[in-house]
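Here chain A shows up in two complexes: once beside chain B, once beside chain C.
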Partner chain A sequence: MPETMRVIYSAFRMAMLHWMADPQWVIPNIIAPFVFTTVALTLFKDSTGPFGLYAVLGGGMMGMWGNTIYSSGYAIEFEKWQGTLEEVIAAPSNLMHVITGRAISNALFGLTNMLAVLLIAGLIFRVPLGIADPLLFAVGLILTLLSVSALGLIFASAFVLSRSAQALTNGLETPLYIISGSMFPIALLPFWIHPAAYVLGPTWGIDAVRLATSADYASQSFWAGMNPSFAIFLDLMIMMLITLAYVFAATALFKIVEKRARTTGTMVEA
Partner chain B sequence: MSGSGPSRDSDSGKAIVAEHLCKVFNVNKGFLRRTKSQVVAVKDVSFEVDYGELFGVVGPNGAGKTTIIKMLTTMLLPTSGRAIVLGHDCQKDVTKVRERIGIVLGGERGLYTRVSAVDNLNYFADLYGVQKNIRDKRVKELLDFMGLSDRAHNRVETFSKGMKQRLHLARGLINDPDIIFLDEPTLGLDPEISIETRHMIKELVEKGKTILLTTHYMFEADELCKRVAVIRNGEIVALDTPSGLKKYVMDTSVVEVEGFGITDKEVAKFKEIPDVVSVSADLGENKQILKLQTSKGSEIIAEVQQILKNSRIYDIKIKEPTLEDAYLRLVEG
Partner chain C sequence: MNNLKVFVSSAIFSFRAQFDWLNPAMWITMKFVLSLSQMAFFAFVGVFAGASVPFIAIGNALQSLSWNTVFSVINITGHDKWDGTLPLVLATPAHRMPLFIGRAMIHVVDGLISVAISFAFAAFIFGVNFGQADVLALTLTVFLTAFTMAGFGLFIGGLSFFFRNPMVFANIFTFVLLIFCGVNFPVQSLPTVIQPVSYLFPLTYGITAARSAISGGNLIQIAPTLALQLIVGFAAMVVGFLFFRSFENSARKTGKMEAI
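== the complex of A and B ==
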């Protein structure tokens, strides 16, 4: 395995071991999705059409977003709390690769969040869970998770560079749910918000996942009137380009983080 | 763990070279009225460490010991000066330096406590790019060396302080480093584990490792180090062998008073006596020990008895000065 991949895998494994060792994961991954699903299905109980599945997906997306961004954003902070940040920084491997492994692990746990929502909706609330294109749904979901992870990398470095970034992110959590289209389609939002939505990679991923879920969504998609498979392809391509931009931005931010850490020596202080 | 000596790729033939190292930190205070100030942590520090040498850095809290270690391990950039480790510039050749050094910072933190000892070591082996086949063998060897094989798969949170310290040492050796930086490795450990740790440090030197050790304990520096640098307020005030440092106080002797009821006021009176070079007092609840370093020798005893007339004196001894006495004289100026 190439060196970089080994570091990413090792950091991924270490994060998974920590998730498993800490029973607190039950709260964001089982209890929170259960609450989301219950609220969403209660709100849409009198609606006709595929609203049940739509609401379930929205709840799942929100849980996934929150879980991944929160965990990835605090990935460096986690090392500080553990008292291991100095040891990790002192190793020859790139800090960003270590945090990438952690972010992917968080994304995978975010996926369990979504799956928990689907299971709770299907088994407890008896919501029909027919997915129009399961393969594209799965691809869209995984790529969206990667995009959210890349955004998590930016948050991780921003949190270290500025304490106000943490407060800002906490305040932005709900607006991000709305802007990315997790709660309801972007088309329903005022036009002036759209540009903010377009620079968020997951916005496109959520559009792709919804298109793959139900043909009824096509009219509310960014690509209304287009062949759904091609529309999904376009969504995913745009999302990957934005994700790539996130990775470049995160690389630059991590360089600043490391330089500042070596100059001020304050980064490792808990 | 390899027992072979390190490859010597330094032009100077030295494992570590510190050239006029300085570190200044900018400190910002206040929210509305923001004030900026500077703290000089290390001032013009220069020294060299030979291959296979155990070099000590001693000094009081805040003297700059850890800052020096951090500059030599690439974790901090010097404000000015140069740090060369194994022939590589710590400022520019960061990865090359990091690949070949090990760092053990004291204290209980620095380990993933929710996972096992093996998981901790495997993880750091991967971060250091140790190949998997070598990694598995080395992790086993290190756990054996540190006496942790029986607990290899237990969570670190169930370990005692001593076991955690041994695991710290194992982690610092995971890449089979040529140089090991040990920052107060016996701090807070009970005497038995401290002896064990010092024994392990000696074994590492016998295996050909170069070690830079910081410590608060002078007997530890005396027992382990070939040479010792004494740091005060970020500067080296003396650099010599332990016996060479003791020569700083050869003209003095130490009067050790064991008693009860000695007050801080009385201790202050001793500091005013012109021939008393340094005073240290351990004013415990049940037993108090007062040490006076003086050029007067036994002549001072009458004066001691006079000052302590209201206290109980159990014993007075005249002793040869130790490294600790030399240290006290140096750091107290």
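== the complex of A and C ==
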């Protein structure tokens, strides 16, 4: 196995083992999206239209978001608490590859969060969960997951140098839910927030996933009036371009962060 | 006098301890970001659903103090376990009641600051009209809500001594308030069978009283609600203290503290 893949696999395996050793950590990851979905479904219960779609898919997407941000923040924090961050940084393996392995495991947990929200919505709230195009839905979901993970890499690099990763994790979660329009159309947001929404990959991903789920949503999509399959293709292409930009940015940031950590020697006290 | 010193030092140290992992600038930033972002999220969902935005803004303004009085107070237990200070706390000869309750008290003050910031957002961004508000009734409501919710935080914090990871409880019991306490929709919108659960949380009474005070209700009108809130909050605090003493007795016998 090439060295890069071995490092990524080892980091992935270690993250999975950590999770299996203490699975109760899944609760903080999923509780906010579950509660937000429940509140939204209660607020929407007397409304007609694709509201259930917004609440359930939005809640699921928030589950993935929450998991990524939370895991990115706490991955570094745990290393600090356990006194292993110095070893991880000092090891000859590329820090970016270590974090990538963890990000992939976080993405998998994120997917389970989304499935949990969908199951809860279906079983408890009896929200119909029919999917118009299961193949495009799955493709959209997986690519969105990758995009969220790539964004998580950027957060993780910043969190290495911050003593306040835990606070940033709590503080970033809800603003990102708002800006990406996870539970309502971003048209409701003030105009000056729209550019921020458009540079978030998941904004496009959730549009694609909603389009693949229900024909009722087509009129509210970014591409209203266009053939839904082509609209999904456009959404996914834009999201992939943004994801690539995230990966390049994260790579550059990791180099800067690693160099600074080695030069100043203050990463644990940071 | 000695008990007062224990009470005050517990309050100060429990608050200062959070700056081990959080710098003051970030603490202030988070107070503004958390209050505004949560209120904005539910306000936008409310607009989309055709619900009343001021109703949602007031509910979230009051709920914002839970981050201090519930989340932070429960996490005192967690930090005692992680930082290895729990054996020292239990070894001190200090009277347990001021030690236990004092830990939550500065978070009450911190919670009051959160509500003040949130009310400013509610007024200037989300259109809540404070023109008719009975200021005395509203002030007392906010203070009692912070105090009784700290009692609730101590209750869950006391319970979570028996578990390895109190942060799980901190997350669950901070967020479920959004469902049960009439924060974003009236309690009556919940299924009838679970509505009684709402009245186990002091926040439910606080939000009802605050909405009444903001629309002009005076102290006499909201007094029955506040009395119920005090009873529930005080009972939670006492049960939390009993959990703490029970844990202490068990820890002395078994030698298990952090890794239950």
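Keep this in mind: the second predicted complex is superposed on the first by the 238 of 270 C-alpha atoms of A that agree within 3 Å, B and C clash if a C-alpha of one lies under 4 Å from a C-alpha of the other, contacts with A are read in each partner's own complex, and residues count from 1 in each chain.
Here, a contact is a pair of C-beta atoms (placed from the backbone, for glycine too) under 8 Å apart; a residue touches a chain by one contact, two chains touch by 3 or more.
All values reported here derive from a predicted model rather than from experimental measurement.
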item: Contacts of A:115 with chain B and chain C, given as first, second, both or neither; value: neither
item: First (chain B), second (chain C), both or neither touched by A:129; value: neither
item: Which of chain B and chain C A:226 touches, first, second, both or neither; value: neither
item: Touching partner for A:240 - first (chain B), second (chain C), both, neither; value: neither
item: Partner chain(s) touched by A:184 [first = chain B, second = chain C, both, neither]; value: second
item: Which of chain B and chain C A:22 touches, first, second, both or neither; value: both
item: On chain A, positions contacted by chain B and by chain C; value: 22
item: In the complex with chain A, residue positions of chain B that touch it; value: 25-26, 67, 70, 73-77, 94-95, 98-99, 103, 105, 107-115, 119, 122-124, 126-129, 155, 171
item: Residues of chain A defined as touching chain B within the complex; value: 3, 6-7, 9-11, 13-14, 17-18, 21-22, 82-84, 86-93, 98, 261-265
item: Complex interface listing, chain C residues touching chain A; value: 21-23, 26-27, 29-30, 33-34, 37-38, 40-42, 44-51, 82, 164-165, 167-168, 171-172, 175-176, 178-179, 183-185, 189-190
item: Sites on chain A touched by chain C in the complex; value: 22, 24-25, 27-28, 31-32, 35-36, 38-40, 42-45, 47, 51, 54, 81, 163-164, 166-168, 170-171, 174-175, 177-178, 183-185, 188-189
